[in-house]
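What follows is a short report on a single structure.
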Amino acid sequence: MKWSWLVVAALLLLYPFVLTGAFYERMGADLLLAAIAASAWNIVGGYAGQISVGHAVFFGAGAYAPLLLYTQWQLPPVFGVPLGMLVSILIAIIIGMPTFRLQGHYFSMATIAVAELVRIVVGNWDFVGAAIGMMGPAVPRTVLDLSFRSSIPYYYIFLAVLALILGLTHFLSRGRMGYYWRAIRAGERAARSLGVPVRRYKLYALMLSAAFTSLAGSLYALMIGFVDPESGFGILVSVEMIITAALGGVGTLLGPLLGAAILVPLKMATNSLFGGGGSGLTYILYGGIILVLARFEPGGLLELWRRVAARATRRKPVTHAA
Amino acid sequence: MILLQVIVGGLLLGAVYALFSSGLTLIWGMMNVINFAHGEFVMIGMYVAFVVVTYLHGGPLAFSASAAIVLFLLGVVVYLGLIRHIIRGPMIAQILSTFGLALLLRYSAFWIFSANFKTLPDDTIPGTLNLGGILLGMPQLVAGAVALALTIGMHLVLTRTGVGSRLLAVAEDRQAAMLMGIRPDRMQALAWGLSAASAGIAGALVATFYPTSPGVGEVFAVTAFVVVTFGGFGSVPGAMIAGLLIGLIQSLSAYYLGPVYKDIVVYGLFVLILWVRPQGLMGKVAG
Amino acid sequence: MLLEAQSVSRAFGSFMALSNADLSVDEGEIIGLIGPNGAGKSTFFNCLVGDLVPTSGRVVFAEIDVTNASPEAHARLGIGRTFQVPATFEEMTILENVMVGAFLRHPNRHDAREKAREIVAFVGLGGQADQPARSLGTPGRKRLEIARVLASEPRLILLDEALAGLTPVEIQTAIELVRRIHQRGVTLVIVEHIMEVILSLTQRVLVFNQGHTVASGSPSDVVNDPAVIEAYLGRRREKRRRA
C-alpha cells in the first residue's frame, strides 16, 4: 500500500466537505464518473495496449439499458445495470474475436465502425427512443430508483465503484493476467513464443473493460436521467475516455484519475468562460493534447513525472559534491 | 430503369470511395499506419472546393487542382512533423497521433466554418445526362469518371513508373530499398502527399453533389476503413474494386431497405468481413 | 527422437525457399544449422518454431504433429525459441520479463517469481533483476531472452543467431551459458554463423544451401566437406569467373 494512495483516498473521501456547494459537488461526481470510464478504457487500452477508439458503444449500452427498462417496463433503472454489462460483453466478443487474431489496426477500425453502427441503429429505432433518446424517472418512486436531488449520494456511489474498479485492476495487474497483458502490449510476437494465449487474454481485457465502461454509462444514466444516441454512443464520449486516460498515463493505475482531475475542471472552466462556443474550442484543444501526447509523451503525465524525477535523483550526487 | 440508375449512381460514388481509399491503403501497406485523419483530408478537400468556388469563383478544374495541392502539402507536413516520429514507437502513439489529428482538424473546421451544411452552387457542373432513360447528374458522372481515372492512374504510376517502383520498394523492404540508394524518408513523405491529395481531390469532386460539413470526415473515414479491409491490406487494385462494390451495396441498400440502411449495411458488412475474410479480396492481412 | 522434421518445404509464391529439409534431434543433443544467408535455414527455423506453416512436409515433436501448431502451442508443448533481433519487453524489468516465461508453468504469482529469480541468477543477471530491460545492451538483452525462454521450462530451445554481434569475450561467456543450459537437460538447436561456436558447442551440424540441406554430420566433418565449402565459397568463385 503506497502512502500516496492513502492520501488520494483521503482527499477523495473528504472532498465534498472541503469544497461545498452544488457546483463543486456536481463537479466531483462528474470527475469520478470520468475517472471510472477512463479507468475502464485503460484496462484494454492501457494495460493490454489494444486501442479502442469506439468505446462509447459500451458506455451507451450501459446508459440505455437502465432507462429502457424504466421507459418500457417501469422497472427501477438500476436493474438495467447487469443487462447493459451483458450486452456490452457480447459486443466485446463480436468485435474482439475476429480482430484479436489480427494486427492492432483492425481492432481499432472495428471499434469505431461498430460504435457508429450502433449509434445509427439506436438513433432510428423507436423502441429505444430513436433520435429523441430516453429518460429516467422524473420523480423517484422508491429509493431503488436512485434518483437524488443532490450530487453527494452519487459522489459516494461513484467513489465506491471507482475503488472497486481500481482495486480489481490492481489485483489483476499483479498476477498472471496483468503480466500477460503487459507482455502483449510490449511485444505480441515474443509473448506468443512464451506460450501467452494472446487472443484469449486480449478478449479478457476487452470484456472486463466493456463491462466496467457499461457500468460507467449506467451510472451516468442514473445521475443525469437522460440519454440519446449522441450522448450515449457519440464519438466525443470515446474521445473523453481516451484523452482522460492518456493525459494521466495509460497503463498506470491512477493515471485516468489524474487525467479526470485535470480535464473535468478544465472543461467546466472553458464552458463557463466561452459558453456554447467553448465546446468547439475544447475539442480542438483535446485534439491538440492527444497529438502532443502521442508525439512526445505517450506515457502521459505520470510517465513524464517519472522521467523527470529519475533525472533529478541521478543529479543529486553531483550537486552534493559542489 | 430506376434500378439501373441506382446501380450506376452507386458505382459512381463507389469510384470516389475507391479514390480516397487507395490513398489510405497505400500508406497502410507502406508504413503499417492507418491514418485516422484520412476522412478529415477528404473533408478539407470539400472545403477547399467550397472556398475556391464561393470566394475565388473558380471552376471545377481550379478547385480540384487547389484541393490536390493543398492536401498534398498537408500530407507531407503531417508526415514530416508527426508520422515520421511515431512510426517506430508504441502502438498507442501511432493510433492516437492520427486520431488526435483528426479531432484537431474536425473541430477546427467546426470553429472556422460552423456546423452548417454548405453546398456548391448547382451550376458548378451543370446538367443531367440521359442515357437511354437513366438520368445521371453531371456532377456525379464527372466525379465518378475522374475518380476512376485517377485511381487507375495511381495504380499505373505505382506499378509502371520509376517513382512508383521506388515507393513500392520501400513498402516491400525498407532496408533493402536503402541499400539500393532509395531514400525511404523521401518516398514516405511523397506517399503521404499522394495519399492526402487523393483524399483531397475526392473531396473536391464529391462536394459538387454531397453537402459539406465538418463532421463529414467521420463517415468517409469509416467507409475508407471498410473499403481498405475489404480490398486487402495495401492493395490499390483491391481498394478500387472494393470501393466500387461498397458504393454499389450502399446504393442498393438505400433503394431496397431505406436511406437509413445505407451505412448500417456497410458497417455490418465490415464486421462480417472481419469474421469471415479479413484478408479481403486481394488476400493479404497486415502483419 | 524429440524433434523430427520430415521433408519440410516452403514456397513463397513461385520461389522455393526450402526444399525437402529433414532433421532429427534426439533428447539431449546440440544440433547446429548453418549456411549462407538466404540458404533457407531461417525459413526452416521458422517452420520449426511455428512462425511459418510448411507448404509440405511434417514437423513432429515428442510424437505430436506440430506442423500447423501456433507459436503458443509450441511453447506449451515445450519448444522454446529466441529471436535474431532480441524482442525483450522493454518497459518491464528484467525479472518481470522472465516472470512472463515462468507463468507458463507456474500460474501463481509467487511461484512464478521464485522460478524467475532462480533463472535470472542462473544466467548471471541477478544483480540487475529490478532494472528495466531497456537499460541492457544487446548482449544483456540476448541473455535476458534466453533466461525468459528458459523460465518456461522447455525441453528444446531453438536459438536464432544468439551469439551474433558479441565480442570474443562475450562469445566465450555465452558459450559457457549455453553449455550450462544443456547440462540442465535442455536439447538445443542452434542457428549460427560463427564457426567457433558451431565447432565448440554442437555435436551435429546440418548445412543449408539454396533451400536444400547439402551436408550433415559432425562439425569437423562438415567443415571439411567440399559441398559445404562450395556453398560458402561458391558464390565468390562464381563472381571471379564472371569478372
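Per-chain numbering from 1; labels A, B and C assigned in written order.
Here is the rule we use: a residue touches a chain if its C-beta (ideal position, glycine included) is under 8 Å from a C-beta of that chain, and two chains touch if they have at least 3 such contacts.
Since the model is a prediction, treat every value here as computed from it, not as a measurement.
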| item | value |
| --- | --- |
| Highest C-beta pair count, chain pair | A-B |
| Chain separated most widely from subunit A, comparing mean CA positions | C |
| Distance from subunit B to subunit A - Cα centre to Cα centre, in angstrom | 32 |
| Distance between the centres, which are taken as Cα means, of subunit C and subunit A, whole angstrom | 43 |
| Of all residues in subunit B, those that touch subunit A in their complex | 28, 32, 34, 36, 82, 85-86, 89-97, 99-108, 110-111, 218-219, 221-222, 225-226, 229, 260, 263-264, 267-268, 270-271, 274-275, 278, 285-287 |
| Residue numbers on subunit C that touch subunit A, as the complex places them | 49, 70-72, 74-76, 80-81, 83, 87-92, 96, 99-101, 103-104, 107, 109, 112, 148-149, 152 |
| Residues of subunit A that touch subunit B when the two form their complex | 45, 49, 51, 53, 94-95, 97-99, 102-106, 108-110, 112-114, 116-117, 120-121, 124, 185, 235, 239, 242, 246, 250, 280-281, 283-284, 286-295, 298 |
| List of subunit A residues in touch with subunit C within their complex | 174-176, 179-180, 182-183, 186-187, 189-198 |
